[in-house]
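A, B, C, D, E and F label the chains in the order they appear, each numbered from 1.
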């Protein structure tokens, strides 16, 4: 019998399948009874599993990252599917077809990477082009870009999301070159490429999304500068030429300042035209996508508004009943 | 003898000419002696004039807005030209060629207006297109757009600046339509056109730039909504059709929310995808231009940095000595 | 048998009655079982109804705004009455005595309206008096004032609350005329009347209180200016005279600035004596009432303090055990 | 020859007179030449005196608080009178009629004190009335109230200003008693009396206005509580009765919380109805007077606006040319 | 049978014991059933007790502060012990050995008090030493110091915590005397002793920790100044000498300014070297202890991070798996 | 004749000497006349020089960093010495004794460096000790520490100031080891050493103090992390061992978080006990020194207060007339 993937589960079906355990938590209901809340995932997605009335000891041997065999029943609850478990146990990874659990790059992601490569290898500035080449030929960076999300919540929170965000900014920049003749677009495009690259080490995104220790202690801005320093050393080794000091400073400055203001955790305030343009291009893409995604994923079809979003201190408007033009 | 225009004055020349008095202030030096600081302008620009050792009474009959005949000597002072006056007197406007003082639209401005018209008359949404038509056929709006600056300091502070800012946003929006398939670009383009339109009444910009009483008491956000209400009434009169209520609300919301956050004086927080996109497009163009303009107009050729900009709490980086790529 | 009104329900009684459904939500308890939480109202008030163990489908046809027939038992729970439902179904409004559900103005409200009318028709300034007359003769405005609350939570959150708040400010202003000889009290009284008038369109308050789409997208400050523009047009039509431009600007400014500071969402900072006086009179009445109402409605008789009010970041002091003077 | 008082000086007159030196500063003009700026005062006011081209040594023996004989010429400068000095020297206070220098209470101030006394001795609460009596019979408090300003700049910055502010709040409170039946107005009136009383020790106001060391290190909120503690001890001594603990706490709380929010330097957030009412009554009177006073004292008759007030981040609107109703 | 103290309870044991009821709350589970949550304490600690399915009336006679006899079963729940109650009833305090419920000073606390006494009686400044002596001989102050926590949550929230915090600051100050030769360490040590002393009246800490009415209405900064005033009067009475005014002002200023900034509720900004040193010494000890205590008390052994601390807007890092040096 | 050093100049003396030009600015007085303001320095200090009535061209060849021969007269002005120049000209550095202009480490600085070395080479943790050794053996770091100030204004703004600040923190940490048994003091001492080390590249401090381009664009927090990365590579090369990853992360985190809060420009919020302790130790030393230095350098002997310090929004208290204990 073929595998039941997460994205094909249906209300009411009985399930006996292996999943990767992305997270596990013991919670208590108001009566003081414990239940297990498990995040079950494969390469197509994640579904919650609940096991009622457990003892702390009986599930202590099941850990995040294990492969688990579960039995249970799929149920629709408040618009989402979940699995009511009757059994869960860790199993060995031997004999498991890992391809079912590791996400594969979609065709779209592959196209994104090719298009971004094309853009960066066409920079006119030879040093920047050479530096970009070093990044693009680094298999780890390439794999990271294909799988990394742009964040763990909010905008572009999916495999390949960082790449899509990166490309959207680059495309926008390319199309407005003639409107800002005094802005150095080669520098801007390199800065766009670099600005969130530190997320490859800030985030853990193999199966589910979370922050690494390094990510929380150092942050993707500074990690990005470290990655730049490493790649510049590689560039200089390879070419035997010193990378221009002025360009290096400006690139670092763009990475460190792209959050724009101290209250948003920037390390520096933007002080060059390219840095301020990067900051606002970033916001344009990130915020527009965040709004669209909150509106599209809202399950309350009866309301013109999303629930209150406390992080942005507002509700979003999904549209009035007579607004057929704006859905 | 032909007129000496402001933009052709030279260090050391003796001057006997008529100007429009854009502003006048009596100031005192540390010895308690009064001097007159006059802003003299014609259609090519503005120059400061100083008359030393005046009495309060002797200049009280000269008012802002007068045409004045002045005599004096042009001198270079800290990189700017100024006129040391020996004589200043108000004269009648009779016999004066007003064309010397009223700015004429440049060719660029005329092209900008044509391009913006072309964009707005090509909207697909018929009601929005009809509404835009009402604005574009209003001679007062057209004249306003040709002369209005986008602000009295900071970005686009020149005749036609509001139009240029408006067009830049529209062009950027047009070029990224395919990147945001869920955003309603007809609505966004109409919102771009409207977002700063209230500045036509918020600012006085015939000869020099300042705020009107209405501008300070009401602000261009609310004035923009009032102008929209007036034009919608005109549209409904003309077409005999009600303008769609949903579209009207969304347009008003974009105008009122385009400043983005309360600390920047917005009347509403952006709650629709088009409103948030407008806010960041606005910032992208306004801030990038503000940076470029501060860097270009900085007279200190010996420093890599502009002076400290207290409104943005930073200096801007003009570039290092070896940065021939980034001037 | 006569109707059981909300304000006469008693612990333990069995209920079979028709109510207006002001709100409905499906919630889940910790066991994952769904229950329906319904807000049942008539003209005397609102009571919560709970239907345990429902399916999403079985209640999806019952909508907010329906008349519903319910059966169930009234129960006291943590100091409030609620109804444990055994049955709920939508019914046709035919044959229903609507007067049971639409609140009628109380005698107090009628007196408030008469007193406010008296104050405004005694303004000395003829244009302001004429303008106020236009508002007071507008049946929609009158009905709105009689039913509108001043807010959906916090101070004056009851039918007629906006009117009571309005009148309290006016009375206070009238009594201190002699203390501020330089303040224009006709303008201040007209500004008091106008300052929250936009709430007639910002809020929906027929049966229960909520924000309208227009209210959230535009806000009552700008709606108030729109209502003023409409009424001034009416005044000018009726009298054949232009309403004084200066007075119009000052009135609009008072409406737009009465929230006082940007962090409280004001559209303009107060810049005239009347505007600043309005802002502080508004606060005096709103905050004093909010405090009294929080203290009076607190059910914990055993504590000297209300619970922590997170929106104002403090508890309120209800009084010590020996404070018989201060209850 | 009779004395030339400050409030009777005239442009152009030659002066040889004795004044009290309220302040003295050595300043330098841009040429590096020193001049002395002296504040000369008598009981009718203060005028600036300037002595050009002094040496630091030649004026080092003249100190703030000295009586000085000056010779010079009165001149009008930018709308204010000043004295260009030719001579200044400290003299002994012997033989000087001190009454010329110590301000005498005006008739208005005497009336204010009588009216305030009347209000406070009519409180119904016997303990509060008794406590107020202790304050009013304290000659130091009485003298303080007659001479103290409410501040050194901004609102009510004149002798008797604190008393006038105090009385204005009390009158307003008295007139709205019926509008707030749940507020304890005896407590509110006692709180109004106490709220700024610490300024009697925070400020030095005998001849000119400044902060005392105690004022800067402790502040008038805490000084007010100390004064209250002292007076309650006196009350208890006198009456042999303990002052009610609850009333004492509430009074202290009103004093400590009347600045309303931490950003305005309050010691506590208001947590009782009387405390919040006091805070807003205080603001209503203080801010309305500050606005009126800034508008009235603005010397630029040609502008509709005061200069930018950086402490309140706005200009104030004085009125348009056609606004004869609003001067 | 000997008493079962809170700190010796074990999972699974059956309990029949008397406790002091530190707090009681009625809560409802999602089914609308009420349960009683009781805080049971003796001198060794506090444990939660839960009584399922109670009626409001059946427990209304049991009040906070009562001695209660309970029967139930101890159970481990999410890492904490709790008691599932089958019976709870208030009993008379007669015949109860109160020593079981009143905490006794530990040996450590006694040592702390002796060491602090030693430090303060060795001050060189005779007036400060005399004043400290007055405090240390006050039995109420001594008892307070032995039992008071430094706060009700966060750092040093245990009996004797205020004293430990006080001593830690004093020890640190003593050891760096030579590094800051211009700082007056006698004044600093007296200020350290005084800075939180108002907590003796701000907090109630006999059995459990909470705020007093006085504490919330006045705050420990101002209470501290009041205590200082009382003790200075005692000092002056005893010695017949006036306490130096300058020293008094500086001490009060240190108490009132030790919170450092208005946003942290300081009454004054620090304006002397001793005041600023006190503020940062306070923070150094308080924050370092708060971090250590949050890390040590975190029960999630599987995570490198504590849960998100919303009051400090961050998680704390407990250490990585390979960090044996840093536990 | 021996050289006249800056620190030995006297009022009234005539000067003919060579100085290093640390800064030059053209300014205008109110009459529009230009004067040159020159900062003249040698290794003992800096003095202002003023040349009246210059033309822009006549001084354009004299640049910052030049050696200049000046003639003029020393004069006391408002408590500071300045030189009124009659002549200034750039000269060749040939034949100049550079030792007169380059500051030499004082004996105190040498002792500080030895003591710091002693502390760091006694760390128990071998990897941290080894890493510190790499830094201390780097001649560039050593020279930097000997000359670098801790800032260009505010605290420790003198040659060797960074080292003194560094040492003060280390000494304080060493003396309180026993008070915080759970804090890792080896890590804390290494973090103290590193926290401001980026200032060696952020600041230019050879003759006068200013920011480098790198300093402004990147900031000393991130530069510090870059320096750490470089030194760790050196350590690993030298020892052939990997530096422990956990220790590296914690060190970087301390550097990046030592500014404490986003409003003070921190790159990360402190999340470890050592990071929070470092932040407060840093503040304790920096702020106490800043206060002492502002009080000591204040020239107004007649006032109890320094002038208003706008960056800290307060005046500082220097002490009252009777405060002989507190100077």
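To be clear about the criterion, a residue touches a chain if its C-beta (ideal position, glycine included) is under 8 Å from a C-beta of that chain, and two chains touch if they have at least 3 such contacts.
All of these numbers come straight from a predicted model, not from anything done at the bench.
Colleague: To reach chain D from chain C by way of touching chains, what is the minimum number of steps?
Modeller: 1
Colleague: Can we say the copies chain A and chain E touch using the same residue numbers, with more than half in common, or are the two sides different?
Modeller: Since fewer than half of the residue numbers are used by both chains, the interface counts as different.
Colleague: Quick one: chain B and chain E, Cα centre-to-centre, how many Å?
Modeller: 61
Colleague: From the mean C-alpha coordinate of chain B to that of chain D, what's the distance rounded to whole Å?
Modeller: 44
Colleague: Give the residues of chain E touching no fewer than two other chains, as numbers and ranges.
Modeller: 29-31, 213, 216-217, 249-250, 253, 271, 315, 317, 320
Colleague: Just spell out which pairs of chains touch, all of them.
Modeller: Per the contact definition above, the touching pairs are A-B, A-C, A-E, A-F, B-C, B-D, B-F, C-D, C-E, D-E, D-F, E-F.
Colleague: Within their complex, state which residues of chain B touch chain C.
Modeller: 213-214, 216-219, 221-222, 225-226, 229, 249-250, 252-253, 256, 262-263, 265, 267-268, 271
Colleague: Note which residues of chain C are touching chain A in the complex, please.
Modeller: These residues of chain C touch chain A: 26, 28-32, 34, 56, 63-64, 213, 216-217.
Colleague: For the complex, give me every residue of chain A touching chain C.
Modeller: 29-31, 50, 52, 75-78, 82, 84, 302, 304-305, 315, 317, 320
Colleague: Can you tell me which positions in chain B touch chain A when the two form their complex?
Modeller: These residues of chain B touch chain A: 125, 168, 171-172, 175-176, 179-180, 182-184, 187, 244-247, 249-250, 253, 269, 271-273, 276-277, 280-281, 283-284, 287-288, 291-292, 295-296, 312-317, 319-320, 322-323, 325-326.
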